[in-house]
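Before I ask anything, here is the structure I am working with.
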């Protein structure tokens, strides 16, 4: 009976943040997670490490369902509970109401042979299922349904006495996408999978080190960006690193793997003010808009200006790129604000009865009629998943009586599931799947006068500064860089 | 210990909504209040009228502190509690935590000699204090500290037997700004003060009539805009109106008063997609930007493009107007997205320690560095109240290393309090007051390379389509259209 | 779907407590209300008076639904909110979930011409309806459905300038049962109706004065009992009283009225450790048991001892009196613990399905089988209202295989409603009404081997030390000491 | 800042309940846990097993801090969440506020190689620490600090494929006190330690079987008591048992162990209406009172009756036994109700300031003055732990001006900690320890005219029907039936 307004776009599983060596570790993690809120809105948690009077390490945790500002709503949490100079935090994309799912909120903490261990994970392991089965057969007890928990068990069962070595061996066992921060009794450890699916960056705030998903988490803290964690790299921060200023770095494996960054991070997912995969997201997103204009322009009929509008705020940058390029092509066009977005959308909304189905999109958007009436309108959006929202938006714009509506999408048709951490709906819900990627048919269904997507080739051209071959585009192309177990695939489709 | 992030701009007291003759009256009021959320974020409430099995009218209420989506978080409220075909609702700008203030959340309901009566009020009465004193001396018991409650007592004590006449006499007694919706056992009544300080509009949804603050509340419901409630008009909707389609209209007084619309509604307060005071807000706001560009342009130095950016989202439209006009003036300029605004700001935020004072603005905004670095930047904003946020924003932009920062404000310097419903901080907190409206000094204080405001004359010119003399600009000029009691003024300053 | 386990007995409307001149006024009120919890379990509230920095009186309130320990669950309430040296408090018997009913929780506070005024009321006014109508016709606005609110309006509309005189005139207008505590800006005032239906007692704690419903509220505070408030007396405590030690006393009327104490206070309602109506409740209750034994003994069959058991805890004292007297009559008998009562009953319980209807009483009681098996059992109880619980209890005892069960009730058959503050179910739910007071038929229905009630005459004999004519026994006899308006009666029956 | 009113007596760790084969399994568990509420008031939980549409077993859990009626406060829990025909439940004595402790609330559930497994435990393992260390060294990850969790790990790591065999081997490894119920995908299993420290009983409700701590949990359900689980016995209930009516029984070990029932269960802990260790608790408790009277009588001085009172409700039965025996000894005595206990004690109470230290006991008890004044009073209590409450009680009684107060305790002096599940305060807080069991000194400290305890020998004589040698009395004698690890002892003392 409630509309979920956050889920019209795919959601990535999660943002991570770790800090070592700050007096305000937990509060800074809170700000960092707030800056990463777009990576997961449904739950979050922070773990800190402090030292007891007797000198023993103590791990403290606070986590819950909701936005960072909802879960951490009391100053007391930071003053009395989450104390200590080391902290890790996590934003999670999805939990349902059950007790089980509350367990699934990260970070996870365990106490094992060599002490405390906490972990926060962004990504998705593709061989978690088989490792889990193996560990269960050996008597391990799992508390969650999360693939992340296998990492903890792999470390706990490891007979070595060096924790970094234990982590390294665990990293060698797991496959798929992982950008991890781990906290032990005396270290902050980060690891990124050899393909580098998800971003992970290193920064510095005074003497403290931060490792997190995107650089926008540095900006909120006025922290300095140092470098990215390399694909296949394990980074260790401890007291020695603080003193020497030399970050400890290890390789998961001697073998090198091709880089396979998630292209969706550039298209939609990361914040435009972040720097990831070697480039500013804003610049890449603008380039997607430009390539879109160049290959799929909208020309003036008659004398009138073409009006370019974005779906705020996610495609603002792309639309700007599109309009700039279109103008260069000689089209008389103008970027306009044709849609107003409500600032006050919570996570759920009371659903209306049958009489008024359009309320869904109207809760979020309204048109500025004077801008649209009688005009040739180009609506720029970054992607279409189910098409439901797009259809409602088009209807909304149509009610403002434009001359025509031209939809331009700065990515290709989404036709396949993601096994590396992006949360798409099932294949049957993907509009491009349902129309066999027949773009005209999609356009007709959505009710626009014309529609164009970028081709995969065009998309890769737009991001080519970062290397055309360095991207995973499996959700568009079906070409999966890492072999995925068939059982796993089946599970993904079915649940 | 918490930052209040909603209060950097003045807040108007409230949005109102009333509907008569709909099966989904309460749910539609909920959507309407959501569309009016910008008029008040701290509390809200809805009252409905239903008919008992015995045929008696029943008034039901649900209200609380928080956003509409927070207070009305359960479908049950609409299904079982707020039933009936008539409803009124209210968004309120401010309550503090005390039990007393919960009483102050509107709508108010009472039961009096002629039945039930509920009221929701946008505005501020300037003679409430003296009427209240008079009523208390006669034995009336007040439950709230709100000026709105005197309206209820005036009606309850009136000896006439016609409710519309009672309301009319009450309206004749009160002075100041009021856009009211009232609900009786068989009517929806609306009234607007003779000067028309605040907007109030009439719409139709199938057979039902709606009266509300702004037309954006019609759009969310796909309702049709009919006309504005005239200044000094009382409008009555009842079953006869539903059947005849003829809205009943009365005059508060035979004497006519000059129109004195709040110019701040155009500058900042109303939503750009609304139509009020006879015009589209979007158009007026854009004109403010154009007049600002014409009178206070920023020219290119050297060859480089001037970058125009807005403070999202409130000055987006103004910035667009500014850039369009600047281009017409021959300046090589471009509208850019230089600031990213977080979507996930709740009403409060845990405050940092002393070390990091800039966190306040960083929680809300981040710069897109690539856009700003080395550029001549024009930052367009609609108004400056305290200057605190502006100063932090300028610092934030400065960190991105622009060539220069030029602040352009699409209103004049705020130097006086508002007695008609806009909630400014005390005089001592107004930056323009503190610098005696010395604009250069303000600019120096804010850290910009240049700063310009619109003059009052320029501001009025921009909105002249609606009649230069038809606006109240007391907060800029100190010219109050209605004499205000000195005690009242004193109280306003001191509390 | 939930069993309400508190309501098997009639409930009186409320306990009151007021204190003047103590540094811990609110905390002492909290303890006092806890001691009076048996007088009302569904809601409670406390109001305190403190003095602002500018020397103005401030009334602060905290109230809510639930037990005293539930509503006042935070030390902060006493430290920061309910400050000041004067306080009044109230326990309320019943509220339903609606917002309206939260308003009905006492104490009530208003601000009127002569300052603040708070009131807490135990009893029921019989002419509230007509006074209310009169006040409404004159323009008064009522906030609650409570009869107590008319008292506030009578005072607020009074044109005199002496508050005690105002209160006196209000007391002269109202009829029915009232034991009131009122708080003004500089006084604690108490008043008791001329018939003295409900108890009201005065005590002293160091320099402070306390006025409350029962003396057990003094014991918890180690306060000293001084005297009862006389029927028809108004008592005033202010700074002069504190200094002089002379309590100010006024008469509501010069005419004297017959005393009509509620006999149910002795039978069941008051705590056995209280002193009210000039006597110890414990002693009176024991006498009820003794008179019951003398007039309605159970004799031994054969040699075996008769086992006397009580329904714990309410009839413990009565059972002790019964057994003592029975022994004197030469019956070989013994008081035993045959029923164990659970300590952990909250206010509601999840209801079972149809299969197990007896769970209701089993949640609260269990038998000690060894005590009952094969025995002649006398079950002593103080009263029977609906009979539902009695029937289940008898069934429970029967399952323990006694030889026989003899029910003895220390009051008469309840056949009429109470208009003075005791909350019985409707006539149709009273078992004695349904069986036309045919005691044998009742016994058969309940499943006992014999049953006896006290007659009204025997009941009055038992309490004769306090004067046979000084009691109201309308619920048993239908003889109402104060004429009750027919409309009111009808309302009482129907709602 | 809050008084904990539940902890004046030692608390046992927990009550357990399991049911197999009922349509209302969870609701019956709820009632059962309510009947066992005295065994643990601070937290509780229920797990059920249902079958998914695909035929897979599903374990569902609901648990939380508070009384059974507080944690299970919604009918929905039983209708939609805790479905299925098998359930186990647990009442827990103590949790503190941390997240960690919420994890510690039982039952625990895990998923392991052979399926789901849930456990609820009453007792305390004395070798949990060493087993845990061993398991951690092998890579097990523990989620709680509870000794119960080692049982789950022992089973999960067991390589056998028969779950009953796995449980048997786990039982062979653990030492100490345990009365357990376990639930697997198709069985309800119960186990009791070879010494039989804690009770565990088997009952039948229609076709379903119940295994629980005390028989009072059968009474509330009208279930039939079958027999006790034998010390050292493992009982299995599955579908075959339901059909055959033959309970499956296994021995933990072939070796027999001496029975060592906790004598405190008879003295204070179990409910008087329960049957455990082969006898009615009520009868045993009465015998303790009789032996106390015989060995430690109080004689009349002069002619006056001796007044025997209990500390309600826990020593009611004992006081009855004492008075009966005293009368037989020819003493003119009478059982009286001298103390009234409040029904409305929640788990915490706002603490007073320094001025009024006696409030602690007064919140719970008040004296009936008329009963005590001028009398020779015998106060019968079951045990003294810290002595704090006793001292306050004596002071309270003294205020009622008795002639003399004689304290009689139906157990011996408590001087040693319990390692088998009873939760005493640290040795330094035990009054008998502090006064070296000098009874006269204790009496002087408490302020009584005389005091007597039972000797250990007298205590054992009182329970001799169940076998003098069959009891553990370590807390009185320091003779521990099972060797306890020194580290463990130390830990117990220190934490």
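Going in written order, the chains are labelled A, B, C and D, and every chain counts its residues from 1.
Note that a residue touches a chain if its C-beta (ideal position, glycine included) is under 8 Å from a C-beta of that chain, and two chains touch if they have at least 3 such contacts.
No experiment lies behind these values; they were computed from the predicted model shown.
The minimal number of chain-to-chain contact steps leading from chain A to chain C is 2.
Mean C-alpha position of chain A lies 51 Å from that of chain D. Between the Cα centres of chain A and chain B there is a gap of 36 Å. Once the centre of each chain is set as its mean CA position, chain B and chain D turn out to be 63 Å apart. Taken residue by residue, chain B touches two or more other chains at no position, since every residue touches fewer.
With chains as nodes and touching pairs as edges, the resulting graph is a single ring in which every chain has exactly two contacts.
Shown are all chain pairs that touch, namely A-B, A-D, B-C, C-D. Residues of chain A touching chain B in their complex: 1-2, 24, 27, 30-31, 34-35, 37-38, 41, 67-70, 72-75, 77-78, 216, 219-222, 271-273, 280, 282-283, 312-313, 316-317, 320, 324, 334-337, 340-346, 348-353, 355-356, 358-359, 362-363, 366-371, 399.
Contacts from chain C toward chain B in the complex involve residues 61-62, 99, 110-113, 136-143, 152-153, 156-158.
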